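In the two complexes that follow, chain A is the common piece, with chain B as its partner first and chain C second.
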Partner chain A sequence: MIQLKTMVNCIDNSGAAVVECIKVLRKKGPARIGDRIVVVVQKQRNFGPESGTNSGIANKVRRGDIRHAVVVRARKEIQRRDGSVIKFDDNACVLINKSGDPIGTRLNGIVGAELRNKHWSKILSLAPLHL
Partner chain B sequence: MVKSFFWASSARHSTTAAASMAVSLPMVRPLGYLKAMTPRLVPPQICWRRHLSTIYSQKPERVPLPANLPKEFYSQLPERLRPDNEPRKIDVIPPPPSACSVCKDPVATVTASQLAILDPTGERKALFDYRRNPRSVKAGDILRVTFKSGDPFSGVCLGIRLRGIDTSFLLRNQLTRVGVEMWIKVFSPNVGSVEIVQRTEKRKRRARLYYMRKPEHDMGSVENIVQNYLRQKSALTGQPISKSRGR
Partner chain C sequence: MRIDPCSFCGRPTYIKGITFVRNDAKCFRFCRSKCHKNFKAKRLPRKVRWTQAHRMKAGKQMIVDSTVQFAASRRNVPVRYNRELVSQTVRAMGRISEIRARRERAFYKKRISGKRAQEVIENRKLVAQSEHLLPRLQEKEMRAFDTGDSVVLRAKQKSKVFGTERKKLRARIDGSVEEVSQQTDGFNDIDMG
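The block that comes next holds the complex of A and B.
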């Protein structure tokens, strides 16, 4: 249940660590796994002391940036069609650009399999594990 | 005298006459309509005096219908007074047979029929019937579920809901250091197999181990335990470990 002001973990290597939801797109009510949201980057991930200049990993987003994101894990339990219910311990998202492609190149963490039904196959292929 | 079948029309006249007789003699109505012949006997001002109020008179008695009234006179009577008038026959439709008589306990019947399809041997039911079967799965056991699609899921059993055909159990694990919980239906056709990897050492004194979500009680990942179990199992059965990530 991700809505306005929810702080969500960002699990890709785009450079954001914690983002805040400011809008749930194409939906009334809170966002769940697979929903698109608009976020503000609140905390950056720092890749070592000398990041951004010589190393190849550069923060693609900065604190205060407004980006789109897809929810990949949610603390709110979600029921599958077969009756099983799945629940994660945190809220997590992946930043995407306007056309729907992920900004980062790697994901670290499990994602929900509901992304398949919502046609986020690019994110699913990046994820190490999906359930 | 005019005779009516219903009301003695003359009765009212006679009573009024009787009442007025006590007051004044000239109000007496002459018998046999003599009045018509002698109109001047009564003073005109008394004759034409009218009152707005009606003098009380008793309800006239009903004149019964004459016995053996010929049928041809029936048409002159209102329908409800005709001797051959009977209350209308109303068709009473019997109620449909009660569903209770067909099936006393439909929920139990459906459950039994579904169990016969989904769990014909009763093995799965016994595995999770922790109230009756001492060898069943208990809260705190580590389970490994393999779905028909091939992907496994393992975790600590935090609780079992016994609800007939909807019986389910809750597994908790940590995958990529993120806690994941899953309620799985015991009799779901998607569930291929359920194995007990490790039983809890000490009987848990709670039916639902929700406290294990707290960081101080969390078991963490059970992946190592499951991998060990799979290794032992393959050594015993002589089959190689199926390619899975131990979840």
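The block that comes next holds the complex of A and C.
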């Protein structure tokens, strides 16, 4: 249930830590796992003096950037085709560019298996585990 | 599809309930919303009386047994399909559950065996503690009570009928007759007499 103003954790190494949803794309109502959203970067990862040395690699995005993202985990429970109901611990997303490729190169954290049905195979291949 | 036990109460979670995935990829399966709510309230299953974990801790469940191990152990090694093996397994499943039911019954009987004697001891203790509340017993009854025979307390004597009920027939103007019952207590009778 991610909608306007929802703060979402960013779990890739693009440099964003927390982003805010400003638009749910191609869908009426709140976004769930696998949906594309537009976000504003609110908090950066590694933000500080020690990040100056490798800022070029670590932070591909900065605070205030507007990017697209895919929801990969949602706290709202979701029913699957096999009848099971599953929910996650937090709301999380992965930043992508306009063509749908992830901006970061690594993901730290599990992603929902609903991504498989929505053809986010690049994110799935980066993820350590999908449940 | 594997049917896992509930993470809270230990019942099998068929296709029901909710799976909760923590961020460290640990799955918690709950058989019903009752278990999910208790988990969210951070209750410890071992301390909640109706869970399997508590029953095991309290020694109410058969834990050490070869038939229990079948359900508990997870075998993740894939086995090549073998018709003979499948039929054998299906036969074994029925047999194992049969044996297990019988052993559980025996376990229960053994666990419950001393209960009656314990109850009798406790009841006697209660009687001894609150003896002053009892009606005074006769010698014979006292003896019967000590030896454990069934005791018939003296039936309380019925009180004498006190007062009488009078019935009057009242003739009405329209010709009908009305019956009126009048209760008197004994005192008035004496006065009148």
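The rule we apply is simple: the second predicted complex is superposed on the first by the 122 of 131 C-alpha atoms of A that agree within 3 Å, B and C clash if a C-alpha of one lies under 4 Å from a C-alpha of the other, contacts with A are read in each partner's own complex, and residues count from 1 in each chain.
Rule of thumb we're sticking to: contacts are C-beta pairs under 8 Å (C-beta built on N, C-alpha and C of every residue); 3 or more make two chains touch, one makes a residue touch a chain.
Predicted model, so just to flag it, every value in this text is computed and none were measured.
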First, second, both or neither for A:99, with chain B first and chain C second: neither
Chain B versus chain C as contact partner of A:88, first or second or both or neither: both
Which of chain B and chain C A:131 touches, first, second, both or neither: both
Common ground on chain A, meaning residues reached by chain C in one complex and by chain B in the other: 77, 82-90, 109-110, 128-129, 131
Contacting residues of chain A [partner chain C, same complex]: 77, 82-90, 109-110, 128-129, 131
Chain A contact footprint on chain C (complex, rising order): 1, 15, 17-23, 25, 27
Of all residues in chain A, those that touch chain B in their complex: 73, 77, 82-90, 92, 108-110, 128-129, 131
Chain B residues touching chain A - in the complex, by the definition given at the top: 153, 166, 168, 175-185, 188, 190, 213, 245, 247
